[in-house]
Amino acid sequence: MDLFTEGDPIADAKAPEGPIETRWERRRFEAKLVNPANRRKMTVIVVGTGLAGGSAAATLAEQGYRVRSYCYQDSPRRAHSIAAQGGINAAKNYRNDGDSIHRLFYDTVKGGDFRSRESNVHRLAEVSVNIIDQCVAQGVPFAREYGGLLDTRSFGGAQVQRTFYARGQTGQQLLLGAYQALERQIGLGNVEMNSRHEMLELVVVDGRARGIVVRDLVTGEISTEMADAVVLASGGYGNVFYLSTNAKGCNVTATWRAHRKGAYFANPCYTQIHPTCIPVSGDHQSKLTLMSESLRNDGRVWVPKAKGDDRSPRDIPEDERDYYLERIYPSFGNLVPRDIASRAAKNVCDEGRGVGPTKLGVYLDFADAIDRLGRKAIEAKYGNLFEMYERITGEDPYEVPMRIYPAVHYTMGGLWVDYDLQSTIPGLFVIGEANFSDHGANRLGASALMQGLADGYFVLPSTIANYLAAGPLEKVDAGHPEAVAARRDVEDRISRLLAVDGDRTVDSFHRELGQIMWEHCGMERSEAGLRKAIDEIRTLREEFWQRVRVPGDGEGLNQSLEKAGRVADFFELAELMCIDALHREESCGGHFRAEHQTPDGEAQRDDDRFAYVAAWEYTGTDEPAVLHKEDLKFEYVHPTQRSYK
Amino acid sequence: MNLTLRIWRQKGPEDKGRMVTYQVDDVSPDMSFLEMLDVLNERLILQGEEPIAFDHDCREGICGMCGLMINGDAHGPQRGTTACQLHMRQFSDGETIDIEPWRARAFPVIKDLVVNRNAFDRIIAAGGYITAPTGSAPEAHSTPVPKVDADAAFESAACIGCGACVAACPNGSGMLFTAAKITQLSLLPQGQPERYTRVIGMVDAHDEAGFGGCTNAGECTVVCPKGIPLDTIGRLNRDYLLATTKRGNTPGS
Amino acid sequence: MAVTGILLVLFLIAHMLGNLKIFTGAEAFNHYAHWLRDLGTPLLAPGWYLWLQRGVLLVALLGHIAAATVLAMRARAARPVRYAHRKKVQGSYAARTMRWGGVIIGLFVIYHILDLTTGHLNPVGDPTRPQANVVADFAPERWYVTLFYTLAVVTLGFHLRHGAFSAFRSLGQQTPKGERRARSLALVFAVALTAGYLVVPFAVLIGLVR
């Protein structure tokens, strides 16, 4: 059986034509508006309370819509945006170093390896400046200079200093800003907040998204909530790999359920692997911790020249070390982009030169920097990161080099959306990491925060009005046959999961799925590996439904049941990711196919065949997915080969 | 390492709850505390028992979701560390470890070690914000903020809302949490217009939620994983005094 | 708590200074005690001032106790289920002994009034000769009185140490530097007051004052 079939091409019908810098302006003007008195009669459901969902819910409520907000955490403030460390890009050009909206646009399209939409990225760059203004007004304590003005620093993939930051906790501070705006609306009664609620199904009535089915994680109660539009801001799916830098609860269920109901899933294989994470220490490992990219400014990456060299790193003499990044990429050295650094680490470990107990690690050595700048200076720059490393590993990085290894960090793929951020289901909007829109095949550092807030504060609140203005929609309630059916599906699924009563835990399946994905759909993919992975995933999925053991019942808090539902969806997603990776016979950004590399081992794009967005349509479990291609046109930034030698 | 755990088990909000003893063997010192609980839970599931419910999410010390009373210490023995970042090498072989939920009326137990901390959200909703609807913001550089103020505001803003301060407080007070937000916003020029209504709203919401009063005992700041300083409470008190006396508790007066 | 506490502290300072008059001789001390009764005359009738002061102190004390009771009840209500594993004291012992310390001090104050104000529990009990009352009180064979007195005063010292710092904090002391100052000031003050109160009975005990 074929793994997929090809359907009609898809086009973004909403993106305006004409000069790129006028498109967003024109789209906003052309979009229909909803009169304030009518907004009060309209309900919008927002799933997720991260940067995108939190800011969208707050902004929609400020505009006068009735908003219902959902998150699986105990408080909207805990969404995983909170863990972002580095910063947020904005084309403010406060440094007078040649930055501009056009340059941010250019850098982002190039950084995405020419697999994103020009219109979307340009809008992102335009809006970036408003985000900083908005956050400062909310009291976000960005780092400042002595004169009282905002400080910026540089980040990967750019030659200007355009990254605003709040120490190593930028995501936290931005999220708390959005959270506080949201709490204000909750206090005013404009937002009904439902924490510890998980969306388990989308309700589609007459082809439009009209509601969701949610489970109250505390009482176990299943309920159907209806609305005029549904916004998904449920984040990425990196946890399909089991081990990732994502929070333990991050999952694909909300977007996957929407996909099953007809929303196309775009570019699922584009995953970002971050090069500097603390390596796995054993089978018990439950998650991976990121060490900020900024460490590569002063640390030197190396492995022993000889295979299986077990000496302590301090006993290995200088001439027996291989500073491989400096050797292979003399001009960028240790500061090559994330995808390049990650793959290089994998290669040396594959050669048997990895370090640490698992041999899956490379050294990040600060000895030279400490000699050159003094311990004090290193402490001032990276003190908190060094402490965090020591807390986790028990090793003192001032004395022994850090060990690092790449880890799954972000997923560029997501539900397909048009310029209005609307999915292929009318009335279903998707924002933040949950959509695929702005990062192409690779995301630049400090761009995720920018995209989440751009979507939530500025883009969605403008574009959703155009949809709602076409209403009022016919009234439907939870008793509509479609809503009843959706609810029954959810209940059946929960009963099925509880009924298996097998002999393996959910985590054991998740871990095994993660291993398959990491092995074959991780940093390097090949046709043979992907085909093998698809077979293994299918087998494991069947085993899951026969052998999983979910203790307890559906009443009340049952964390095993929550996990089981999420892992069940990860199985289906994993298969689609492999199919997408298999069909994309080129290497680009976070997708590296072993068969498609330049003679010196760099990613080789194939713009003639693959300059498109792969939007997948669901046709049923074990039915071939249907591929819809959206061609990408580059009028302003011309695709070139990336080189960092 | 082999450990004896005594863990608080409570089926639901109405259940009385009790400490139950478990034996966990072959614990690696490289495990995090929560990974050690994962191992125990995997075993319990296979034995047909209910796994222990505990809250956690990011497991990197920033989301504030985890919170365990470990041997009477909020987040365990290591200072400046959340339970998820605590590693087993902090314990010794053969040790007995008591694990309990946060205990406070304002944080009712949902199940086992999971508590409801919505009271914190209500405190924020009662004034822990700066009113700046989207789109209304002036240019970011129109109001410079002295670096010392911005840095001090950041220090308070680093609060992760985990509730360890309440758990450790002999009075069950949530004053450090409340004061951290008040300090952050009152140090910034953007926060001035709502400064006095904010403090009254937030302190009222704090008291209504059933938290105890502050007696400056200082336990909170010791266990705080983010080291929120105790002097934030002084700022809260000063603003509160000004708000209730000088400004006569009347907005705009 | 802070406001009533400050009133009580002002009294404690005056009371201690008065006590120390004992070192200037029986005559002077008795004179001081009598002067207290006549303070405010001729504006007030003799003894009125003292009653005025007693009134203010009583109100302050009741206010202090009332506020403490409210706090204690709130604290109790705020944690209906206790921890199975008793918590260690992580802040300071002074802070954690405020409530029991307060109770001990309260009991002591009652005894103290019956002893040296009304004279009911005093072996001499002559209101016209306060110096003799004091000397008889702390005589070596009545070592248990001295011991109780000492315990109460040390408890008071702890109470004051946290109380003084806490009062600064409640009234809005808010900088880290100010906190260090407030803490050392509270410590010095508590130690000075404790010493000032203890020096009298010990002086009697070793026969320095007869």
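Letters are used for the chains, namely A, B and C, taken in the order the chains are written, and counting of residues starts over at 1 for each.
We adopt the following convention: a residue touches a chain if its C-beta (ideal position, glycine included) is under 8 Å from a C-beta of that chain, and two chains touch if they have at least 3 such contacts.
Please read these numbers as outputs of a predicted model, since none were measured by experiment.
Asks: Of all the chains shown, whose C-alpha centre falls nearest the centre of every protein C-alpha atom combined?
Replies: B
Asks: Max contacts between which two chains?
Replies: The chain pair with the largest number of C-beta contacts is A-B.
Asks: Averaged over CA atoms, how far is the centre of subunit A from the centre of subunit B? Could you give it in whole Å?
Replies: About 27 Å separates the centre of subunit A from that of subunit B.
Asks: Roughly how far is subunit B from subunit C, centre to centre by C-alpha average, rounded to an integer in Å?
Replies: So the centroids are 37 Å from each other.
Asks: With chain centres taken as the means of their Cα atoms, state the distance from subunit A to subunit C in Å.
Replies: 64
Asks: Which positions of subunit B touch subunit A when the two form their complex?
Replies: Those in contact with subunit A are residues 12, 28-32, 34-36, 38-39, 42, 44-46, 48-51, 53, 55-65, 78, 81, 85, 87, 89, 110-111, 114, 116-118, 120-121, 124-126, 128-141, 143-147, 150-151, 153-154, 157-158, 160-161, 184-185, 188, 190-191.
Asks: Which stretch or stretches of subunit B touch subunit C in the complex?
Replies: 6, 8, 17, 19, 69, 71-73, 98, 100, 103-106, 109, 168, 170-173, 210-213, 215-219, 222-223, 229-235, 237-239, 241
Asks: Applying the document's contact rule, which stretches of subunit C touch subunit B when the two form their complex?
Replies: 1, 70-71, 74-75, 77-92, 95-96, 98, 162, 165-166, 168-176, 178-179
Asks: Inside the complex, what are the residues of subunit A that reach subunit B?
Replies: So the residues of subunit A touching subunit B come out as 55, 58-59, 62, 73-78, 80, 82-83, 92, 94, 130, 132-134, 136-139, 141-150, 166-167, 169, 172-173, 176, 179-181, 183-184, 186-187, 193, 195, 218, 245, 247-249, 281-282, 284-287, 289-290, 388, 391-394, 457-458, 461, 503, 505, 507-508, 549, 551-552, 556-557, 559-560.
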